[in-house]
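Heads up, the next two complexes both have chain A, just with different partners, chain B and then chain C.
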Partner chain A sequence: MSILLVQFLRVEGLVEDLFLQKEYELGFTYTRSTGPVVGKFLTGLKNKKIFGNRGSDGRVIVPPMEYDPETFQPLNDFVQVSDAGMIESWCWVAEPRPAHPSAVPFAWVMIKLDGADISMIHHVVTDEPSRVVTGARVKASWIDQPVGLISDIRYFVLEK
Partner chain B sequence: MDIDICIVAFSQSACLAQAGAANEVELIMPELEAVYRQVGISNAQDVDFVCSGSCDYLQGAAFAFVSGVDALGAVPPIQESHVEMDAAWALYEAVLKIRMGHAESALVYGFSKSSPGELPIVLSQQLDPYYLAPQWIDSISLAALQARLMLDRGIIELSDMAAVVASSRRCAIENKKAQLSGQFSVSDLLKEPEYVSPLRRADCSPISDGASAMIICTKSKAEEWNVPFARLVGIDHRIETHNLGMRDLTTSHSTRLVAEALSIHSDSLDIAELYAPFSHQQLILEKSLELRPETDINPSGGVLAGNLMMASGLSRVGEVFDRIVDGKASRGLAHATSGPCLQHNLLAILERG
Partner chain C sequence: MGELAAVVGIGQTKYASRRGDVSIAGLVREAAGNALEDADLGFKDIDAVVIGKAPDMFEGVVMPEIYLTDALGANGKPMLRVHTAGSVGGSTALVAASHVQSGTFRRVLTVTFEKQSESNAMWALSSPQPFSVHLNAGAGGYFAPIIREYIRRSNAPSDIGIMVAVKDRLHGARNPLSHLNLPNISHQEVEDSMMLWDPIRFLEACPSSDGACAMIIANEELVSESPKPPAWILGGAMRSEPTIYAGRDEVNPRAGRDCAKEVYAQAGISNPRRQFDCAEVYVPFSWYEPMWLENLGFADQGEGWRLTLDGATSLDEGGDIPWNCSGGVLSSNPIGASGMIRFAEAARQVRGDADQHQVENAQLALGHAYGGGAQFFSMWVVGARKP
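On to the complex of A and B.
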């Protein structure tokens, strides 16, 4: 169709009648299950609970793993752990990147939750950066309406 | 190995902070031309197999590596393969191809243009898709968590990390392809502000654009081409779990396993080129490999002086090859890594031909 004709139709308000328009969101047209292990963890988050599972050597892994990395055994002995724990390692991000979960300076942390043997990675937001040290106690701050994603834990906060 | 495998040619571009308007094919072409010249062939039709390493995430397009094949002139059809990994693993595949008797010669290359994107964030998408990738934890922050564990446990000190950087920059003065070089003292480096604590910017490899290429072949082919060569007497790799909490991040278990599998004999290594994207990781590798003081570590400056994603691992092998052919070394070790905090490690042993 010539450009002149399209311009004519536009002026006459006829474009909308002529062209079908529909909003389109680019994404997968299917859903997939996260399975019995990752799904157990994510469903737990939705209820503000944190689940891990026991590895072949009995250690409690949080978040849970589908298979033991050493023995390759499927793992399904689930254990609920606390949403509070201790910082095992940390780094301070003075200048957060746009993709980061916090717009204000924060710490990435490895946290060993009470009841877990393996530490998980999340972040701590605080206005007292000097209190972010290895061994410090932290507790999860949950979003108001969890949906079953790792971001249901808004961040961890330092315990008083 | 039943079949003697020889490295006969290597070329690497300069590590550029920004390659400007040059696309990936334009980054690869000069290196391919250079290795063709070194063995006296005219194009990819003159080798039996071609394997490349690159990452679609860096270009931000599916099957972007196919455009790299344009650099080869793949008509009439050639035997070609690709790894979504550093080209050191493309080298590994090419070695298997020759050892199986399916090829006598192979061209291997790796390339990336990392500058247009935000590399540390792009790399976050290689992590666990439910637990970590949605948090967008970048590669530098993960390395910082690893360094903190080492510092807390007294395994290293900040000055040890700065000494690695100082050595890298000093060695890189002689390396025309390097991006960062110069004389820096440990105290100068420690005066720099923290970046992602405990790391300073100098502890992190720079972001670089570029490519490298290599030709390997059987010994009889090397003699037919009548070119100097180094023998690739061993190559192997091991990977650790993707669960960072389950790994002992202060050491490199997988590197130890490869070293044992290959019997690297660290007491008879003239040089070692290690792919340590962060200063403290070089200290982990030196310890895991039990390197001796007599071994010249990263004479090129290593990747702290310039880090070509998807090519740096192949380049470590190339740097050892160059020094063996030049007569500066008779036996050397090359290391390549992939994944966060040295998750996956490859070693190659090279000897004078």
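On to the complex of A and C.
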């Protein structure tokens, strides 16, 4: 086939009729070994408890980290924190798309849980978007049968 | 090669089919911590970190080095990821060595790992592609016809591969870190094991392992700050070639021959079998021992299998050039780390620190790795004596 003809078909958007182009899906179910730190956090969620750990500078990090960001030493001093806290920052999503964690309007939020020094990312669902502000109080809404994943916290809700 | 550099610390994990007790971070940290302890150093003494692993699809964690930064004490330091398929453990060590040899850094931590239990390397290597036949062959299926051609060319007895499989597992039984521990393995047992990819039987193939290996490489000035004897790096080389090209000799790849020639020239090796005290060579399938004996110049073309047959490569039989005293890839195979384990085990030998699999008074050793379709090669020569 002449190059000119291929170029013509390309311009006309017909080149795919000449050379096969097709979607294909590649998938594999991996395993995750979470280890003693992230594993502790996830196991806590299963019991509707939130654990952080204390860094070398005394700050409570939530979710817990395996190694101290300053000294690189393993962090083993676990601290249970509250499932309620304060919004540090937020981003309102007025029109959720299918990939979002909520079908109704929600806010991505950085939440500093009571007892924690580092804020954690999650989302808040509310029908009062004007109340989503830095400093607002929120509390976890747990699913009925937690399995040990971050989605065990269905979302956070604004405290009254 | 630039400035002198030496291995001053080595750390490995125990190799196992599944390390479910640790995350990937915990696994690499275990090896890095062991290497620092071996070198009597802390993370504060490290100037840069060089990490390597096999394809990301093996664990499904894309760019794992990013999340491993604090596990490896690399916050605020240069960190570099290396990838050259199965040879990556060797090439990572060479990149780390060149960081020091260039004079850019004084002391470098290098780490490699694989956590095969998180996935299935055979799937990752042979994922079904559209519009072509799905062989699901893995590495063994790729190498089997190449081995068949070696047997045809060399007229080797059909059980040479079985002998290598037994020999490396007996070596591995001396090594407490080894994944496989088969002190009673027999010729018959290997022969009776399932034929996976004719002519490769189940027991002629490497296991799937979780594990990590780490080394500390220091410049000449800092070598004395670590208490144990150093392994001086006397040469290092890498070579690559395409998977397929007209006239390619897959049985005896040119990149392997050229890489050996280069590293021998750097280290002053003219007769590898006589000059080396031992070698740690990447043999994931039994027949690659005689094939690499020839490719690396330890034997003439078509004669490699005779060394295996005569016990020349066996520690247990008192061979003159023991290969894979640690048990080799046939005993432990955390893929991304497997090449570095070869380099590290060569270094352990010349440091006189190989415990039950020590070659007496080893002074000079070869570390070797290969990857891809036997197309990436990395090698180093380490010695007990400062050049």
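Operating definition for what follows: the second predicted complex is superposed on the first by the 128 of 160 C-alpha atoms of A that agree within 3 Å, B and C clash if a C-alpha of one lies under 4 Å from a C-alpha of the other, contacts with A are read in each partner's own complex, and residues count from 1 in each chain.
Assume contacts are C-beta pairs under 8 Å (C-beta built on N, C-alpha and C of every residue); 3 or more make two chains touch, one makes a residue touch a chain.
This one's a predicted model, so the numbers in the text were calculated from it and none came from an experiment.
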Scan A:V38 for contacts with chain B and chain C and give back first, second, both or neither.
both
Touch test for A:F72: chain B only (first), chain C only (second), both, or neither?
second
Have a look at where A:Y30 lands relative to chain B and chain C in the superposition and call it first, second, both or neither.
second
Touching A:R97, do we find chain B (first), chain C (second), both, or neither?
first
Touching A:K22, do we find chain B (first), chain C (second), both, or neither?
second
Counting contacts the way the document defines them, which residues of chain A are shared by the two interfaces, the one with chain B and the one with chain C?
34, 38, 65, 69
What does chain C use to touch chain A in their complex?
19-26, 29, 43, 59-60, 70-73, 75, 115, 117-120, 123-124, 127-131
Inside the complex, what are the residues of chain B that reach chain A?
118, 120-121, 124, 130-132, 134-138, 141-142, 144-149, 152, 194-199, 240-241, 243-246
For the chain A and chain C complex, residues of the former touching the latter:
20, 22, 24, 26, 28, 30-39, 65-70, 72, 74
Chain A to chain B touching residues, read off their complex
34, 38, 41-42, 55, 61-63, 65, 69, 88-94, 97, 99-101, 108-110, 118-123, 134, 149-151
